[in-house]
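Shared between the two complexes below is chain A, which pairs with chain B and chain C, respectively.
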Partner chain A sequence: MSASPSTYDGVAAVLSLLVLLTEFAMLRAPLLRSQVRLYAFQSLVVTVLAVYVAYSKHIDELYVLAALSLVLKVALVPALILRLLRDANTDLAGSSVVGVASAILIALVVAAFGFFSVGSLQVSSSSLPTSSLAIACAIVLVAFVLIILRSDVVSQAIGFFSLENGVSVASLVVASGLPLIVDIAFLFDLLVAVVVFGVIMRVHHARNATLSTSDFDRLKG
Partner chain B sequence: MDSLVVSPYGVQAIQVLTILLGAPLVSGVIANVEARFQGRRGPRILQPYYDIAKFFSKETLVTYESSWVFIAGPIVAFACYLTVPMLIPVLTTFPLPLGFTGDILGGGFILALAGFSVALSGAESGAPYAQLGASRAMTFGALIEPTILFVIFAVALITHTDLPYALSATIRSSTSQMVRPSHVLAAFAFFLVVLVDTGRIPVETHSGTLEFGMIDEARTLEHSGPTLALLKWGGAMKQLILYTILINVFIAPWGLASSGRLGSVGLAAIALLGKAIGLGVIFAVVDNSFSKLRLFKITEFIASAFLLAVLSVLVFYVGGG
Partner chain C sequence: MSVVIVMLVCLPFATAVVSWLAPVKFSQYLTITVGVITFVLALALLPRATHSTMSVGSLLQADALSVVFLLAVTFLYATTSLFAKGYLSLGDGASGARYGKRFYAGFNLFCWSLVVAPLVNGLALLWVAIEITTVISALLVAIDDTDGAAEAAWKYVLLASLGLGIALFATIMMYYAGTSVFGASYSLTYPTLLAGAVHFHPDVVRFSFVLAVLGYGTKMGLFPVHTWLPDAHSEAPTPVSALLSGALLAMSFYAILRFFQIAVRTLGPGFPRDVLLIFGVATLLLAALYLLSQRDMKRLLAYSSVEHMGIMAIGMSFGATIAVVGVLLQVLAHAAAKGTAFFGVGSVVRKFGTKEMARIRGGVGTLPWSGPMLVMAVLALSAMPPFGIFRSEFDIVYGGLTEPRDVAVAIFVVLVVLSFFGLSWFTTETMLSENPSDRAPGVDGAVIVTKGEVSNWIVVAMATGIVALLILGVHPPSQLTQLLDRAANELGSP
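Showing the complex of A and B:
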């Protein structure tokens, strides 16, 4: 048998994998509402991962970060988007360019690229296993696939927000001892993005009565 | 009684007997639990035994056009299901003498041969629905195959062998083996494979009578009498074999006998049936919580199983996990 990673590393890697799998589930989700719920769940897993690292490695600052992300990413942001959706009266996400099975296979290839490119960098960290960094890279790349393949504003916004979740996992790996202010700056970035995407959704829906981005190729509204 | 030691070959025979005699019981309990979830009283737990006994006492009808293949199919399949329990850890932690005659791939081949002969027999009946079922079963069987292969790759990477006994022993050795990501992913992928292979929701309504959604069930529509009994019994055995692999190789390889003493082997047999019934209850919950997928959406389900299996191998290469 091959030597297994320690229990701590194993649990941490499984949690980061759960984040990646939620990202894949978003590729599959046909309803905008379920996509937002998946995002809330993904943020919850990232929060749990932060608490797990904080507890095991005794990094107290991470508790503050976890609390902040619980309030913002699990509760506030999804609630805001769901409210915007209620006003927009649209349920289905814009159809993806390719079928679901093909989308998953494409994302799988992209994720494999991320895995091996990061794996060959030989980055090691004291707080989380290297595989978590590779998984974080895969999360970011799959989020890009989601943004590229889906043709509606909400999916693209969710793709962008979940990309931030991937970055959070990466920052937990390489810099869990990072000063708190930097992490909060990340979260603030996210809030700005939420405001920007919210404005885009509102304006776009008010002008074109749709959330699809396929109307954006015309130069004048 | 404790001094009575069964020879390894005897234990092997007991393994086959456990699967043979326990399989209808497990199916009966699952059917009963499922009915209770739906607010019905459900059939008796021993109903599958009565069904099988009833079918054996009836005659087999064969159409003029069907050849001997129609009769031979169920018999070959039943023989296959009797062979597989010799290759996998059913009751013991230590490998039995015939356990090395085939690895996981070997067991997979024998199960595939069983599926093939049932499908062939269904096709030979000449009835349109049985042929439709045979063709669908082969199609989805081929689609799920890459997932099974990647699960086997993951097992082979973790243990450096592809013997089911080795993985079972590896998992028992420490908790860290249990929570390592590649194992968790491979186990979950295999769970989905079992869902597909036992014809459960979200892939198939196993108790329905609507031919359009049928896959595995439709193959047996034309059989009657003893051959139908063999098919029903074989189906229950296949289900218990897959449960046993999932339990004793992937999820919970505990409660197995570590010696050939009759007491501990008997205890292991009871433990296995208990664990299989527990797993069956989980499957019944899954059955009642999801809706059946449209036929052309099944590829999406299979794609997600494939995703888990591939990620399991990737994670092993990147993080050693």
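Showing the complex of A and C:
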């Protein structure tokens, strides 16, 4: 990373950083609704990144991917979850095990760990924006923090979807040449997962009249 | 042979669609027929797979390694569909019909995804197939609509999806490792990756392999990411538990082996083996301890699955060809033994109306056929001769001693013996104990039942499993041994 970064690297890094910051914003969002909106915004940034990579590397296939991700991740998935929320009539996210400040601190430490561990991989390649990959790794880890600290099914599901956004960032910056069919298969799988998450969330809500996971303690040992 | 592969990929899917539309009675028999047909088709692939790799286009491929796992999956598909016919008591009403429709559509779709996973060619498609197995099986875990099922399904779908998120990251890193050899755009098929693996960047491959073990390890039940497993296995309908345990866990192991295959070419055998050894020993230790303290029959079998996954990981870490052959034989034998054990437990649960071991007494006396066969299956799981797992674990230990990995072998043997205690305690308590109806009624809160089998379908399914275990243990057919040898060679360094 001694050479000065190119414009491409810089823009990619800024966009990935924006995704990471959204992840942090999710950590402090107390309302489930704002959580979902933040996810939609995050997906939008990932879509912009896809368009940018497509434009600067002249990979036309990625435009298709960007369009699909715009429809699915920015519009459809948030709409599905918002509908579930309307039906469930719940606004507040499950209370964190720790306060917001501690949550952010934990996330910072974890993100730094992800960032520097990828940095220590010593992969130097002209085609690879190493910093973006390191940020993607941090996004994935912070998503884990979100899932672990939140105790309601919607936040946990959003945490998983945003983890997928982190992996998307990684795939855009290091594997932009991945065949389109594979990308589409990934997106399709995400859609199926969203539907299944939705079904199980509904089952849970129908049985227990809550979105909280606090009574998920029957099975142990 | 391409016709056979294409049929394997199409038939279960078509069956799932038909099951959704047709009456339940018809779906039950259709599922059994298709289950048996897929097993026969998988057997038909065996002779060719012992000496060559078959492929259909660039998407499907069957080499020796895939056929080993395919045999395990299709065997369970056939026997579980027999078992399900006897196990499910669907009422005549509309709710029974709706449940049956959902169950059979989901069951066939689940089997379809499990059959497709070993046949696809490439890490990306493999990921997609395994993700499909997750989402469908999560719905099947939730199908009973109880509090426990909802909780188990949520834990399962969340943890497994997170694991697969990590596995996707691993896949992308592997793709990136290949870009230095093949350029920015190429296809992630196995032959391509294996051909170029020697020139991949070692750090990236190392990173990718660890992520893959962690990610797919979540679904395989490796410590510390196994926590969904006992819940899902105990709350799912028993036919689904059998498939989860015998086929789904094995399929995630298969995915790890595909990464292993590439990693040994890039990094040499040392690092990948060490990673598997660490995860394997931790997993086996945890399972052996938890096996001693179980009160629920299905959770006990679930921890036994965790144990066997640990054994497979350790066996791979020994590296000697004979140990790898043992691991692959273990995949087959574990599928047969765990399927049979779950069928037996299903029979017991139907009979006694509870999974709690404290309330089940005199199983062998009450269930004249499935009782003794359940004991045999549990003995098989404890690696007793003459069953298949005895042979496979013997191979693994022997391989470990030739390598030599003496300390690891010693730990391995101690932990396996410890798990044997847990399993045999369960058997003597519940199955070989006195029948409560012979004593004063209701002693110790045990459930009192009349003697007799729940269903002959269950007996047939279990008998098939026991026969398979005997064949694998006493004298595996020569073509199967050739297949295992070839698969073990495919996994070794070139």
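The definition used in the following text is that the second predicted complex is superposed on the first by the 208 of 221 C-alpha atoms of A that agree within 3 Å, B and C clash if a C-alpha of one lies under 4 Å from a C-alpha of the other, contacts with A are read in each partner's own complex, and residues count from 1 in each chain.
Assume a contact is a pair of C-beta atoms (placed from the backbone, for glycine too) under 8 Å apart; a residue touches a chain by one contact, two chains touch by 3 or more.
Computed from a prediction, not measured in an experiment: that's the story for all the values here.
A.B. asks: Following superposition onto chain A, is the placement of chain B relative to chain C best described as a clash or a fit?
C.D. replies: They fit: once the shared chain is superposed, the two partners occupy separate space.
A.B. asks: Tell me which touches more residues of chain A here: chain C or chain B.
C.D. replies: C
A.B. asks: According to the stated criteria, A:F144 is in contact with first (chain B), second (chain C), both, or neither; which is it?
C.D. replies: Touch status of A:F144: second partner only.
A.B. asks: What is the contact status of A:F186 with respect to chain B (first) and chain C (second): first, second, both, or neither?
C.D. replies: second
A.B. asks: Is A:F41 contacted by the first partner chain B, the second partner chain C, both or neither?
C.D. replies: It touches nothing on chain B or chain C.
A.B. asks: How wide is the angle at the Cα centre of chain A, looking out to the Cα centres of chain B and chain C, in steps of 10 degrees?
C.D. replies: 150
A.B. asks: Minimum C-alpha distance between chain B and chain C after superposition, to be given in whole Å.
C.D. replies: 16
A.B. asks: Residue by residue on chain A, keep only those touching chain B in one complex and chain C in the other, then list them.
C.D. replies: Correct list for chain A: 118.
A.B. asks: Using the touch definition up top, name the residues of chain A that touch chain B in the complex.
C.D. replies: Residue list for chain A touching chain B: 1-7, 9-11, 13-14, 17, 20-21, 24, 28, 100-101, 104-105, 108, 111-112, 115-116, 118-119, 129-132, 134-135.
A.B. asks: Using the touch definition from the top, list the residues of chain A that touch chain C in their complex.
C.D. replies: Residue list for chain A touching chain C: 57, 118, 121-123, 125, 127-128, 140, 144, 147, 153, 156-157, 160, 163-164, 167, 170-171, 174-179, 182, 185-186, 189, 192-193, 195-197, 199-201, 203-204, 207-208, 213, 215-216, 218-219, 221.
A.B. asks: Would you mind writing out the residues of chain B in touch with chain A in their complex?
C.D. replies: Per the touch definition, chain B meets chain A at residues 157-160, 166, 169-170, 173-177, 179-181, 184-185, 299-300, 302-304, 306-308, 310-311, 314-315, 317-321.
A.B. asks: Using the touch rule from the top, collect the residues of chain C that touch chain A in their complex.
C.D. replies: Where chain C meets chain A, its residues are 124-125, 127-128, 131-132, 134-135, 138-139, 142, 145, 147-148, 150-155, 157-158, 161-162, 165-166, 168-169, 172-173, 175-176, 179-180, 183-188, 201, 203-204, 207, 230-231, 234-235, 290, 293-295, 299.
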